[in-house]
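In the two complexes below, chain A is the common chain; its partner is chain B in one and chain C in the other.
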Partner chain A sequence: MSLPAARQAELVPQRKPKNQFWLSSIGFVAPGVLLVAVVLYLPFLWTTYISFTEYNGLGDPEFIGIENFRDMFADPAFLNSVLNTLYWVIGTIALPVGLGLLIAVLSHGLPNATLFRLPFLIPYALSGVAVGVIWSFVLQTNGALSQALVFLHLPGSELRWLLDAPLNTFVMIGASTWQGAGVNALLFGIGLQSIPKEPLEAARVDGASGFTLFRTMTWPMLAPLTTVVVGLSIVGSLKTFDIIWGMTKGGPGRVSETLALTMYKETFINNAYGLGAAVALFLTVVTVLASILYLRRQLADSRSI
Partner chain B sequence: MLARKIVLAVLGLLWLVPVYLLLANASKLPAEFGTYGLWEPGNLGALFTNMADAWDRGRLSQGIVSTAVYAIVSPIIAVIIGAAAGFAIVALRLRNGFFWFVVIFASTIFPLQMILMPLFVGYAQTGLFNTRVGMILVYTVIATPFSAFVMRNFFTGIAHQVFEAAVMDGASTWRIFWRIYLPMSTSALIAIFILQATFIWNDLLLGLTLTQSSEIRPVITALSALQSTYGGSAMSTVLAGGLLVSLPTVILFLATQRAFTRGLSLGQF
Partner chain C sequence: MRKKTTLAAAVLTAAALTLAACSGGGDGGDGGDGGDGGDPTEAVLSFYTDKAAWEPSFDDMNAASEGTTATLEFTGYSDPTAYDAFIKQSFRTDDKPDLFTWHTGDSLAQLVDEGLIAPTTEIWDAAIANGDVTEELAENYTYDGEQYCVPLNVVYWVMYYNKAVFEENGVEVPTTWDEFMDVGQTLVDNGVVPLHQMNIIFEFVWFQAILAGLDPDAYNGLSDGSVSYTDPVVVEAMNIWHDMQTDGFFIDPGVTTDPQTLLQTGEVAMAYFGTFFTGQLTDLGMVSDTDYGIFTLPNVSADLGDTSVVVETGPLCVGAGSANEAAALDYSAWWMGVDAQSAWSESRGDVSFNPGATVTDAALAAITEEVNGDGFLQLRRYLEATPTPIYTVASEQFGAFVTNNGDPMAVLEAIQAEADAYWADN
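Moving on, here comes the complex of A and B:
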């Protein structure tokens, strides 16, 4: 049976008409693409190449294969820096994200919620260096914190907060929590507002309340936003630089370095550009892998629900 | 309800303790610092003296004009470039638009560390090292991907009929972009601007790597230097300096918090 000609023409996939705006569409996207290509992607490729060379910034880079990477993994300071970076990732997921969620849930729906959230937002607008200035003052040996502990008859006043590893990394994660919890609370607050009211009401009528209500209803519905917040936290924590630079500069010695600091020091202080590039490449691979693994797991999870 | 309020209030007060310590100790003259306890408040006169000291001798004054220029000019350019990309992809239906979007946005995943050394070498060779133009350029590029991300999402929310109607009326794409799409997206534009201006004002790493002289150097980098040189002897001056350079972003952020939240929640999620 043959269809009428008109009907048939409808079924044949039409060739896409040429976009009459193709020229201007290229014109509008070009500045962004060009800038990113020249200032981000080109340097990115250059760093990748340099990581396989011996280079001190002067003269020509000399190709040495994977020697930088071999040196890197043989260096105990580098391995310690990897461990510290791991502390930062775990600590950042647990503390600023967890506290941010807590603050958002507690303040959600309260009259004057903005006022209650205000103290947490002030530190977010500070720079990492300013946070470092404040906290290195608070955490000096026998500084404000130690004095407060003595006054309250609590143990711990004898600790040398910023001098002993890994304690110094842990207290810096604390300082970073002080800075970062507010913005997570803000993001979770936006998420809570967008949750439909009806299912929550229905669950409440059925007798769910408090933590049960949160665990069975609110938390699952917040999942897409939690994915975003945790993802941002992982990527952000892998790159941590400012707070550490403001508090210990990676010291004493090199005990509180993270990968971001190791890269900076190797490149700009030791002039070992090749080795610095190798650390940068390693950090990038870890960041990209972590993002991909995390997102894939999250997407798989949300499919199974 | 009451229990929630109490927990929040206690946590909030705890959060304000470091702010109190900052204020209390930034307002003690370095010479009298030892006579006070660390938890005692100082006095307002000393706060201003310390700020003036950090401003002058600490050389924060020299970088502040440059930093203001970076934090205002770069986000404005970036917001327009990002919006233009979003406009090309959403309104003009750029071929393979999603691919180009990913090209622009994916660059944010890589750590900044990956581009520092080439930028340092490249800037030194092209004469951009330690110049305001060089800093504006790098900050603009850093701010562009996020701006493209938000603006693309925002434009997706504008009905395509708006564009078609404007074309019917004979408007050029250039005119449609500037006269219709940009004015319709002020809330998103402002949210991006605030976020990126804060980021640029607070940047340390690029300032540390790409500048040298105190007129070009961003204030945060200058603060970090102040901390290293004054740290032991004049802690209160350093604290006053930290307070001083933080005021603009804290005020901007708190004053615009609502507009900012609205712009972002409209844009994504």
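Moving on, here comes the complex of A and C:
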């Protein structure tokens, strides 16, 4: 069915302003899009290109195909770095997140709970490098920890905390826990406060208490917040750099490197920009994949609740 | 009409932002007060260095150069890695540095290969003819027969010792390797740690010291691929180091306290370091020749004629095509002279490459005279003498060796595998 000609003519001028609005909106969006393209997409594309070249930071990159990736996967130092990164991911979820949850749950409902949580939050104000320097004083051979163990007649003073792998990675995860548990406790604390009281009361009336109450009621209702905290921790631990740089610089040799350190060392210290870019690309793909897989699973779960 | 105006405003804003972003990098390139062909004494040179802590000394040099040559506009970096990346990137822009500090060896070769450094052959010829610098030092700055850059500084690697600790333990400055070993053993027996060493940054220095004193030709041969890391003499050097570690000659590398503090407190009796170490000891209030002394490490092999001493030198380079290239070259020529070097030596409390310069610290003056006289063979420091890919693997291997005192042969084989790959391509 066609409209009468007069009705069609009436419609035309109405569509014109719509077009103009669309055009002017492009004008407003363009600066933002340009900025994102220039500072985010272009460097990413450049890094991707560099990963297929041999380049020392001077002159022109030389295209060598997938050789950097082949070298990377054949390098035992890289594989060790992947393993260390895995330790960091598991350790960061288990310790700073677990401890944060514990602090939040134990302090929840107490009078002046904030005062209880505050000391845990203070280290979060420090930069990772500062945390690294402080802990390396504590953990160096004959450092504060070893001296304290001797004084207290406890075993372990002979351990070389920062020299032997994978012990050095584990103690650095410990240092990271010291810094990060407080902020997770704060987030979980907010989550606990936002849980509606009625279902909990109902569960209590039904006889649930203690750990059962936590497991069956509090924990499921905390799920949205847990998703965010764990998601952030996964991404944060995959790109861990500053604490390690402050404590071992990835050493001795290369035994405590994570992917972020390998990327930095290959690029800026060994001047192998191509190989460094290949590691960067690998790290990016792992981080994005881990985030997508985790979030998709978690969000699917929360929809089914 | 109003919509058209809005559209135009939005497009213009976008265009202005883009232009502002693009033009940001180009403004800094003026620096050309004086410029090429102008009066060099009025030029202000853009000067970059990774030695941010040395700013007061460069201020002193500006005072010394006033009215004679250009003035430096100082920009200091304290992170050497960030600095190296910055310098490399700056050569991709129109804002090339007039004058900057760098490293000799492979790093300088890379810049020279790309044509980024102004040659200084004429300056060197004049300085050598003048007696301002030795011909041996020029080798560090020579590529395909031309010289590039001038020396910023020179460092001799020598042994620092705590005089009080030596006295308390009844030991004297050793003059042979056997005496040196005896001193070490006596100190170990008395519960004193004889020597400092680190498993990062300076993890290579004991390999350097022992091999240079055992067979300097083999030491030099490693840097051009004519000698293998698995050759018997290199293995022997590594075994000596291994035995010294086994015998408790070195401090645990897990102790990360500053070496100068360890020497001051007597936690180590001796530290093998470059002459820059004097400045660090002075900062702690230690007095040269009273609290600490300096001696050259005796050769491991008693059969060698000359005593091997390792020399490190860092360059001061002129960017090719920089805004003030001519004035920067003029400054470089002045820098090599006695006046500039005496001022530098006084300000830094350090030695100078210029034999005519006055070195204020008596112990350093004596060492400088000694190692530049007869009976000494100067060798390049391992870091600068070794191609970067081989050094990278070597520093990792030596770091692990210092930490775990593992199998010396495994260390050497790992380094040689990288050396084989490198020399096959170069």
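Here is the rule we use: the second predicted complex is superposed on the first by the 269 of 305 C-alpha atoms of A that agree within 3 Å, B and C clash if a C-alpha of one lies under 4 Å from a C-alpha of the other, contacts with A are read in each partner's own complex, and residues count from 1 in each chain.
We take it that a residue touches a chain if its C-beta (ideal position, glycine included) is under 8 Å from a C-beta of that chain, and two chains touch if they have at least 3 such contacts.
Note that the coordinates shown come from a computational prediction; the quantities given were computed from them, not determined experimentally.
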Problem set entry | First, second, both or neither for A:31, with chain B first and chain C second | both
For this session: Please indicate which partner A:46 is in contact with in the superposed arrangement: first for chain B, second for chain C, both, or neither.
Result: first
For this session: Once the structures are superposed on A, label A:121 by its partner contacts, choosing first (chain B), second (chain C), both or neither.
Result: first
Exercise. Taking the superposition as given, does A:21 touch the first partner, chain B, the second, chain C, both, or neither?
Worked result: both
For this session: Determine, under the contact definition given at the top, whether A:271 touches first (chain B), second (chain C), both, or neither.
Result: second
Problem set entry | Superposed model, chain A: greater residue contact from chain B or chain C | B
For this session: Check whether A:225 is in contact with chain B, with chain C, with both or with neither, and answer first, second, both or neither.
Result: first
For this session: State whether A:287 touches chain B only (first), chain C only (second), both chains, or neither.
Result: first
Exercise. With the two structures laid over each other on chain A, which partner does A:84 touch: chain B (first), chain C (second), both, or neither?
Worked result: neither
For this session: Kindly classify A:57 by the partners it touches after superposition: chain B alone (first), chain C alone (second), both, or neither?
Result: both
Exercise. Which parts of chain A are touched by chain B and by chain C alike?
Worked result: 21, 24, 26-28, 31, 35, 57, 136-137, 143, 268
For this session: Spell out the residues on chain B that touch chain A in their complex, using ranges where they run on.
Result: 1, 4-5, 7-9, 11-13, 15-16, 18-19, 21-22, 25, 37-39, 81-82, 84-85, 87-89, 92-95, 97, 100, 103-104, 107, 109-122, 137-138, 140-141, 144-145, 148, 173-174, 177, 198, 201-205, 208-209, 220, 223-224, 227, 235, 238-239, 241-243, 245-246, 249-250, 252-254, 257-258, 261, 264-265, 269
For this session: Would you pull the chain C residues touching chain A in the complex into a rising list?
Result: 3-4, 6-7, 9-11, 13-14, 17-18, 21, 81-82, 84-85, 88-89, 91, 110-111, 114, 116, 199-200, 252-257, 388-389, 392, 396-397, 399-400, 402-404
For this session: Write out the stretch or stretches of chain A touching chain C in their complex.
Result: 17, 20-21, 23-24, 26-28, 30-31, 34-35, 38, 56-59, 77, 136-137, 140-143, 160-163, 249, 251-255, 268-271
Exercise. Residues of chain A touching chain B in their complex?
Worked result: 19, 21-22, 24-29, 31-33, 35-37, 39-44, 46-47, 50, 57, 99, 103, 106-107, 110, 114, 116, 118-130, 132-138, 143-144, 147-148, 178, 186, 189-191, 193-194, 224-225, 228, 235, 238-239, 241-242, 245-246, 259-260, 263-264, 267-268, 273, 276-277, 279-281, 283-284, 287-288, 291
